[in-house]
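The same chain A turns up in both complexes below, where it pairs with chain B and then with chain C.
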Partner chain A sequence: MLERAEPLRGLGRSAGWVAARRQQIAAQNAPLVVAGALLVAMLVIYIVLYSVSLGSFPGAFEAASITNHAMPLCLAALGQTLVILTRGIDLSIGGMMDVSNSLAALKLHGGFGVEALWTVLILLIGAGGGLLNGVLVAFGRLQPILVTLGTFSIFQGVALWILPSPGGHVAGGYTNFFLDPKAPSALVWVVILGLAWAVLRRSRLGVNIYAIGNDENAARANSVPVLRTKVLAYALAGLLAAGAGIALATTTTGGDATAGDVFTLSSIAAVVVGGVSLFGGRGSGVGALCGAFVLTLLVDVLFFANIDPLFQPFYQGLFLVVAVGASTLLGRHLVRRR
Partner chain B sequence: MSEPAQPAGHEPRQATGGQPRDAALEGIDIRKSYGGVVALDDATFRAAPGEVHALVGENGAGKSTMIKALAGVIRPDEGQIRIRGEDVRLRSPEHALRRGVATVFQELTLLPRMTVAENLLIGREPRGHGRIIRRLEMPDVAAQLLAEHGVESVDAGELVENLALAQQQLVEIVGAVMREPSVLILDEPTSALARREVEWLFGLVRRLRDQGTCVVFTSHRWSEVTDLADRVTVFRNGTDVGTQEQISEEEAVRLMTGRQVSTAYVEPEEEPEREVVLEARELSASGLHGVSLSLHAGEVLGIGGLEGQGQRELFHALYGLAPADGEIEIRGERKRLHNPREAIAAGIAFIPQDRKAEGLLLPMSVRDNLTLPILRRVAASGVLRPAAERGAAREMIDRLHIDARRPGQPVGTLSGGNQQKVLLGRWLLADSHILLLYDVTRGVDVATKQDIYSLILDLAREGRAILFYSSDTEEIAHLCHRVLVLREGAIAQELQGEISSEEIIGASFREETHA
Partner chain C sequence: MSATTESQPAPSGLRTILNPDRRKIIYGFVAAIGLFIIGEIVKPGFASASGIQQILEISSFVGIVAAGQTFVILVGGIDLSVPWVLNAAAIVLISQSAGSNGKLAIGIVLALVLGLACGIVNGLGIVLLGIPAVVMTLGMNGIVEGLSLGVTHGLSCGGCLKPAPTALVNAMTGKTLGIDTSLLIWIGIIIVVSFVLSFTTFGRRIYAVGNSERVSFLAGVNVKLVTVTLYALSGLFAAAAGIALAGFGGSATLGMGDPYLFQSIAAVVIGGTYILGGRGHYLGTVAGAIVLTTLISVLLAKSAPDYARDIVYGVVILAILLLYGRQRSEA
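Showing the complex of A and B:
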């Protein structure tokens, strides 16, 4: 800890003060630092394994493939982060992705106007589903896990009703614009998501979300509109889940009313790997984005490591436990080192 | 919402002290009961602008309830709250805050995993273009605010959870003062503070008073009341019994205790045996500073003092619930109690005030709850013998007059007092010879209380040693052979012989330690 006897007005700060402040910020964001380090480590492992098994370095095509495959999880994890920060959980994300995935495959073709309209409509449907979760949790005072488990199944049913069997397609132009398979242009979306997060963190809504996750009663005592903020968090999560479903339909250029299911759990995994506390109030959406990329890279790493696809879940699970355990220890070390 | 103010010429109720014409904050004829327990009974409290007003009283006298009503935490059942002469119905603490009443509660309202700066500036963050919060600037802004209020020891960039309790308290106080309230309520603001910080607080409070702010505070330290308060209002049994400008400690104690219609207490008769069963030397833990005591067989040893002076910590240390430094000897044998299991093995039983959280399994039957620690005895090679179990349970139900229709009845369906009896019975079956009774009669009806009193004395007569704490000082005074009064985690005084609750309360408030 640093002793605060230094001058208050911006100027004349000693180097020691700045270093101490920097260390303090690093310690407070230890989970994010660890998630970033994990992503870098994963990238290195990926590049090494890729070049060893294929004899060349990965290029733009691989970068595009990884980014595009990571996009649905990035969006889902970001939505999950918003809810988990309020000390809730959204199990319905996978179901909402089923719905938007099915709708996207049915509607996202036939010209710019139609595609733009339906994109907006699908996102609004997602926000509406999230709103339902939020209202039930905030005003109904029901357990988030229960509410979203229920709406998960409901959304699943709706998705099957929309698209009873896999099919449909997303227009090629749409795909090329959002998730170009040949160039990693989708990295722009990742940067935009990161920036959007930074803005949210610096907005009233962001502060309120963190405050609620810290302590609902204390937040209320500090004039935070608890109910409204919760509803907004769930609605935004629904919107992001719908976006994730569109991204999924875009990368697979087709629809499947069950393709989104796995994202409920993988979004939670990405959030945890990204260093967001499941107890709420602590963590960063940027960390969750890192987590989403780490999990996406893991699939490729296991592929290049010649792991039998049947055993992939085993290693994924192993990795999750080890990674989360190690980052917890590392984070603790970072905090203690001060 | 506010209703029209009382018509001019409305006569306020007579009070003993000087009645200022303009009151900053008033709670008039407030009633509040929880379940059947009346916490406030037509209590009136008035504080004027530009004064420091202390609210004092015994534990359970209703001060906290009054403060909660004035702060908007609870809604009174009856009565009127007025802010600057205007009738208000407070919906929440924020509502009170918007009306200019800021309160610092004993339980802090800080956000633990956010920085001091984020806490102080929530809702008032420095913003740049597009109303984006300038997060990097926040620690500096907050540090400046803290410095303006004379707080130099708190790092504004630190997470609140990493601060010491006293520092958190300073942040909380600065946070309330920053809102420039017309009334500042401080509920036990000094309990977590060291002397230097108390001086800082006093300076701050006096400055606010001179600027015309009305400051209401409660304290368990009498010297602070006389140092700081312009007026003192005394509460007893849920109502105000006097407001005075100059009040001596003796007078205050007399007002606080009054002449109560005494419940029929069973007094301990015999002198306890002199065999020391439990000896604790220099027990220290957080909130507990070097407490030594010896507990004799057949003795009821009272632990007195105002709430939160280390009683809970002492009981937890003796039951192995919290780590403590120091030595514990049981029947002359040194023991280290790391966890309740070791304490139970050493013959210690702990019966807490919160029966649900700390002991009983509510959905399970009276029988199961009673026989839990003695399962070995009612089982044959690992299989329970229902007859033996029932027999043991029956014996206790009869002996303790537990009001259960059958041993199989779930404990959760019994009244609080009967649940307490089940807990007592459990440890009787387990032959615990040291009983730690922590506020066991709280929320228990009068008739069952009497049962519990006589049971406690019976147990002592049998030769068990009992350590007894109660938030009802009267109980301690009547039931105990000896009383140790705790203050700020240390023994302030030992009382023997004929003990009155006045003595205990006097010792609880007095600053210097008596031999």
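Showing the complex of A and C:
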């Protein structure tokens, strides 16, 4: 967010300015710190519960399992973050994951060339779907929640048309390369995603996305290309959703045209737990990645805490409300103290 | 929208009565009639008196859920907890009344109280804790889902699989004065909700809060109370739909509420209610519910596959939005 402070430079860097700037940075990053702390706390709880119930510490296999299971949500949440930062919301992410999941299960086998080609094609299809959302939102001047509700239904239909009943498979070599079930090599992808976010956020597009989310009219007045930025944000979200669908097909090594549906709402949950504001302009993709891991770990924690799996949605819902409620109250407290 | 009418010097009487918001409601009903005509062409007998009544009866379930959804959307909120509040209410009704007509009243009251309680908690979380409506109601949906599944052991408990009391089934599938009873109930709800929105202080306050919470607060409206009341009503209507569906289908099933999230929001939107609040009416939602249900029925009459139904659904929503859901250009 250095970019936003640029105009202040002309005022000179008095001691007051430095203090104000420091406070601003702290306030900007407080939600990210909370998300990180939540992730650490969840990891500790997981490790304690695991070692108590199984008598040994979790190893590489567990790390791989958690990372691989978190991967689809990580990608979906990152896409959702881009859109939410522009003050929009993308309900079609689950539908796009259905489409890419179905395509992945049908096409991702039969040699390196075919697999590479279809991976690129599926990602492009995702970007195309996102582009449709973006054009309708930006140029059609429609509410994001309604546009993506409509395209969600369309994508669901397309997915069912591609894969009417669950089936298909993803080649073993493909799975081992991207989401190796034995070693936590997928953590590399998480790091790459985090780095990509750091780059994006400092790029022109990233700055514009934050600017639009904070104040669209002010951004427009400062010659931010609002329409183009929005379209790009939605297209990138579609691309990431397609990646999430591929990851889902890879971890489950099969396709299901409805398996992606739940990710629409769980991606929003991950984003919110990750400290991204639903009102746009505030938050970080790294926080969303933390949120995705927190929600994935929660399932394992509930398992090792011997909670009836039927009650799982109850605890997930409660966790969401309590986490967001607590961080909102904390945020208010910080603001009041300033 | 209002700016265009205000800028015109002395609008004629007809123009005031048919302001853009009211016109959207009429478009909705015109679309419904158009769909009935298409249905009649596709399948003769589709738009017969009994055919129409059947479709309106099915529309009533969406319509009842969407009444609550209209209320919360009018203040710029949204209720994502509808599916499982509906489902839980149906389960409570079935398990508490245990198939006996004598316990039906208790079952209905408990189911409605459940819906009301969920709605109040939603409202309090949003108003007091400042949790965004999307997150609060999404969390509530999970909470109610987990409780419904966990407490009933996946709907395998003794009372959960009992059939609905015959009195309720007869009421929901029977006729009164030659009209389906469930349809009459919906007509009653339409009259009451429309009256509340158009002719009561509470109704005016809803629109005031939807247009500007701050201005309403400064004008002396108890914004928090209004908001909590609306979420409570949404929970109540979801529960009522659950009761009606349990009577109509004769039992409670898991996941019976799932289609109603998408459909209730779509009905509100097709009816011309502004998703960010402040403008719209339940009559529009009624038209939206009928349009949606007629659309599905036409596709079923054409025996279209499931995937085509999903695609047509989405395309119709987008088409309707492009027709009259566009915001003014700000450039």
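Everything that follows uses one rule, which is that the second predicted complex is superposed on the first by the 305 of 338 C-alpha atoms of A that agree within 3 Å, B and C clash if a C-alpha of one lies under 4 Å from a C-alpha of the other, contacts with A are read in each partner's own complex, and residues count from 1 in each chain.
Rule of thumb we're sticking to: a residue touches a chain if its C-beta (ideal position, glycine included) is under 8 Å from a C-beta of that chain, and two chains touch if they have at least 3 such contacts.
Model, not experiment: these values are computed from the prediction.
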| item | value |
| --- | --- |
| Partner chain in contact with A:71 - chain B first, chain C second, else both or neither | neither |
| First (chain B), second (chain C), both or neither touched by A:145 | second |
| Which of chain B and chain C A:321 touches, first, second, both or neither | second |
| Chain B or chain C, by number of chain A residues touched | C |
| Touching partner for A:28 - first (chain B), second (chain C), both, neither | first |
| Touching partner for A:220 - first (chain B), second (chain C), both, neither | both |
| A:207 touches, of chain B and chain C: first, second, both or neither? | first |
| Touching partner for A:332 - first (chain B), second (chain C), both, neither | second |
| Residues of chain A at both interfaces, chain B in one complex, chain C in the other | 217, 220 |
| Partner chain A, residues of chain B touching it in the complex | 92-94, 97, 108-115, 118-119, 122-123, 125, 131-135, 139-140, 143-144, 147, 152-159, 162 |
| Chain A residues within the chain C interface of the complex | 89, 136, 140-143, 145-147, 149-161, 164, 216-217, 220, 265, 268-269, 272, 278-279, 308, 310-318, 320-321, 324-325, 328-329, 332 |
| Complex contact set, residues of chain C against chain A | 78, 80, 125, 129-132, 134-136, 138-147, 149-150, 153-154, 262, 265-266, 269, 275-276, 305-315, 317-318, 321-322, 325-331 |
| Residues of chain A defined as touching chain B within the complex | 1-5, 8-10, 21, 24-25, 28, 199, 201-204, 206-207, 210-211, 213-215, 217-224, 277, 281-282 |
